[in-house]
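Next come two complexes, and both contain subunit A; in the first it sits with subunit B, in the second with subunit C.
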Partner chain A sequence: MQHGYWIRSKPVYTSLAWQYRAQAHMVLAHGEAGRAVLRLYQQRLPEQPVSVLYLVGDEEADYTASLRALAGDCLLTFTKQEALWAAFNAALASACMGTRLYAAGNEAFLWQVSTLAASHGVLHADIMREQPASLARPVYCVHCKTITPHVTTNIAVCSGCQRHLFVRDHFSRRLGAYMGLMVDAEAPGEVPAAEEIYP
Partner chain B sequence: MSHLNVIVSAIADVAEGIRHFTLVDAAGRELPGFSGGSHVVVSMRAGARTYRNAYSLLSPPSDRSNYQIAVRLQENSRGGSRFMHEQVQVGTALEIAWPVNLFAISRVGRKHILVAGGIGITPFMSQAHDLLRTGANFELHYAFRSPRHAAFVDELRRLLGPRLKCYDQSQGQLLDPAALLSHQPLGTHVYVCGPGGMVDAVLDTAARLGWPDAHVHHEEFLAPPVGEPFAIRLAQSQRVVEVGAEESMLEAMEAAGVDVPYLCRGGACGRCELEVLATDGVLEHHDHYLSEDERRAGNKIMPCVSRAKCTFIELNL
Partner chain C sequence: MNNLAYKLETFRDDYTFRNSPDAIRRFPFPFDQDHYMYSVNIEPHKPGAPGSVFEHTFDIDEHYVAECADKALTLAQDKGRYAALPHMMDAQWDFLELTMESLARDYPDQFKLSKEGERWTWTNLPLGIEDSFIFGDASTLPMEPLEYMGRQVQGDFVLLDQREGTLFADAGFITSQADWSLAFDIGMAWHEWHGPVPQVEKMGVMERALKFLLSLQQGSPVRRLNWTMTINPRLDTSPEHYPQWGPDKLKVTAENAGRKAHLRVELQGLFRLPRSNAILFSIRCYLMSLEEMATYPRWIKRFHRVIRDLHPDLLEYKGIKVYHAPLMAWLAPHDDGEELPLGTQPE
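So, the complex of A and B:
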């Protein structure tokens, strides 16, 4: 909806690229975003130790076999989010400065990585992020504080309070979600047709 | 620019060539609060010339009854440090700018490594008080030429205990940046202040080991180097200011009554940046604020430390 509109809080993502000046590398990816890690492995490999933490998606493509072929024993796979976060947390606790972090996934995943890393003193700017698959947004309802995951439309129903929310570009790094405001607050019942703009 | 009027209330020699000054408000009031790592710019009226140098505040930030600074007599002093050492006595009135902090401790850091060389210990004095007060995890690594050159080392030992690690060069004890930076936990920040070679060694080592830039902090106030005389043409006011061999562009413009912005006067902060419209020579950049790209573009200059080898330089001022 907000074409050509720039807002400072909206994150800008890049393509993953090895940071060769490093002591170690830790790569996290989720589901379909495993493809970003395959692309990373097509670049000249760094000399330092690499570990890849891959969360297998439920319905999305599963890149485990391809990743295993490239990363070998450096690959750890997870089928449950909780197990991935526990392993990542333990890895962060023993990591040294100079460990480069890379994350690929949807925005909810990218900012869970960032939030957990921040609890170990890693700044948001220290992590390289790629969003290779869905543009779907986690949306934070400013009325009932519920975060509705995977919203692909510009107007969506809040999973907490059922209000129709207008999805803004205003992004919270702390919450890892976009702001959603009641779209028909001024004229109750007048809800414009929703368009799928974050497929 | 607003300033504070202070009086020197005590002077002490704390190490070879390093003199410590205590400053109190001329009207007996409390001085403005500041944060660890702050500095003040001291104005020194030496005859027709006014020197302005930046000095870090040493005192605990919680104590607003006085400010403390330490001044090392520079071997090739342009006049500022010599003035402080030879002209200033107890009772001398000085003008200082309000405290400014270009070297603050990161609040989100998990651990802090402070690295000081010689007189570079000064910004860490106030930071150490702040870090102790907040209960932060930190270490201070202090390298000096010999015990005679180790200003404040006894005070720091009392204050910091095992958090202080000293490197006495006269005993062959050398600080190895790679050993220091290669095994630090994630979320560590490093801060370095000292001679140029030491600052470069720490910055280069951190970059090579993959420390993100935002975790690496340094403070290095430069003195304006001596050069050849040239003229500044001010495009907006249609004035010409002559710059002498031993004065900076900023000092020359101030002496001519031109109102020029500045903050650190040491090539660090970027506040005094001016636009260069033309020159018949080459710019000599000495600051560590402009990027390589900006230097190549050749249309910006930091008049506090940089100059030009030319007959004239035209500024958009």
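So, the complex of A and C:
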């Protein structure tokens, strides 16, 4: 099923680096991706105001203490996604022109940041994104339109309709998800073994 | 073609769709040589020869009523085939204006448009529709303008918003697509929604086509042909309904390929729209079974060679690979190896 070509809608992520020509900086990270923010703080700090919004993840991946030591009062931590998005939304509403955005986390997180920012007129191209930890994919079932979070295999069961979906590289930034297509549509029941290729 | 006899036929279940001899003769056969690869095959969308599919801005043919009925069925099953982002309303009115004016001008016996200021009255005789509305006021139409006219013109329609140096697919009416999903692709930029197309990246085709389209001028629409194959004369070959049509691909045999396998040609038009500066991308689907194609030996011979030598990535992308062997078994006896002159015309 693997096609011998690259699908250009698949986003390419980079390592976060301060953009020094700016008026302000806003950094968002989730769980394990807090490490990407620590790495950012090893670069020369910008002179403009910085704020860090950190969504605490599972207990083994909590970088709150290290981030607090480096970012001090610039750090806001959250334990619930909804609270983080509300705070981000409010921050965007009062942000000035020239505010640089940085996001680190899994893809669902990165594109939630992008979607919210876009609703305030920020272009996708103007956000730096890093995916330092899990490659797990949110997968949109093209048949029943359910998004199954955190898929680590090339074939996965849809959490909505229970079909076996082949996870394509085709990615929608608006949905923040990859396309899943019924893998045994042509020959029902012939489901190849799933391989964990997005751990 | 102003006295069209519309056929009663289906594009699903019992698949009674057939082409009349006249429809076969005017079929937009896309292969002018024995080999096929992508190219930026764009030409001005100027009125073509009388009777040809290029004669009018939007081609209405003998399948019109049946295709509109099929659109309604598909939409009833899956509302997501129509979608429009909120900033596309000006472009929707542009679309309504272009389609109504074109149809009323090109097929005056079938469609009529009268205007008293902003108050327009639209009459569609084949479908038995007559509505009066205020141009620019969506609340005076039974549905949004793109959906309203999308239901009344053969083919699929995408409205492309131009910004950030690219084109975004921000609205669409898609019921006869060759395996792509509007619900998934809506809002995507040019390079994203063309992402899955093989080979074009290294050829630079998409880059050049985009540059060309960004400077598309009002009043100078362009067109191109694209093609794929479909098993059974099915318009709705969507990824959404893949479980319904996917199994058909494994039922092709050397005996039935002539009836089951269809060449699917898309006549794609691109129009710059006046109010919104958006681009209308129209995708009109023509289907022809191999048996129908074989009524013109020149076409079936050429088609045999194209399919025989098609790049493996394209065989896979177009979904032909799984039935390539029985398809070849049916096609090969139709080709005596005669040297064919360049050109797409039938005998």
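Everything below uses one rule, namely that the second predicted complex is superposed on the first by the 192 of 199 C-alpha atoms of A that agree within 3 Å, B and C clash if a C-alpha of one lies under 4 Å from a C-alpha of the other, contacts with A are read in each partner's own complex, and residues count from 1 in each chain.
Just so it is clear, a residue touches a chain if its C-beta (ideal position, glycine included) is under 8 Å from a C-beta of that chain, and two chains touch if they have at least 3 such contacts.
Small disclaimer: the values here were computed from a predicted structure and weren't measured.
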Clash-or-fit label for the pair subunit B, subunit C on subunit A: fit
Per-residue touch tally on subunit A - higher for subunit B or for subunit C: C
Partner chain in contact with A:172 - subunit B first, subunit C second, else both or neither: second
Which of subunit B and subunit C A:142 touches, first, second, both or neither: second
First, second, both or neither for A:22, with subunit B first and subunit C second: first
First, second, both or neither for A:9, with subunit B first and subunit C second: second
Which superposed partner A:96 touches (first subunit B, second subunit C, both, neither): first
First (subunit B), second (subunit C), both or neither touched by A:125: both
First (subunit B), second (subunit C), both or neither touched by A:62: neither
Partner chain(s) touched by A:181 [first = subunit B, second = subunit C, both, neither]: second
C-alpha centroid angle, subunit C to subunit B via subunit A, nearest 10°: 60
Least C-alpha distance (whole Å) that remains between subunit C and subunit B when both complexes are overlaid: 5
Interface residues of subunit A shared between complexes with subunit B and subunit C: 123, 125
Residues of subunit B that touch subunit A when the two form their complex: 108-111, 181-188, 207-212, 214-215
Subunit A residues touching subunit B - in the complex, by the definition given at the top: 19, 21-23, 92, 95-100, 117-118, 120-123, 125-126
Touching residues on subunit C, where the partner in the complex is subunit A: 80, 164, 181, 183-188, 191-196, 198-199, 201, 239-243, 246-247, 249-250, 313, 316-317, 322
Subunit A residues touching subunit C - in the complex, by the definition given at the top: 3-10, 123, 125, 140, 142-143, 145, 163, 168-175, 179, 181-182, 185-188
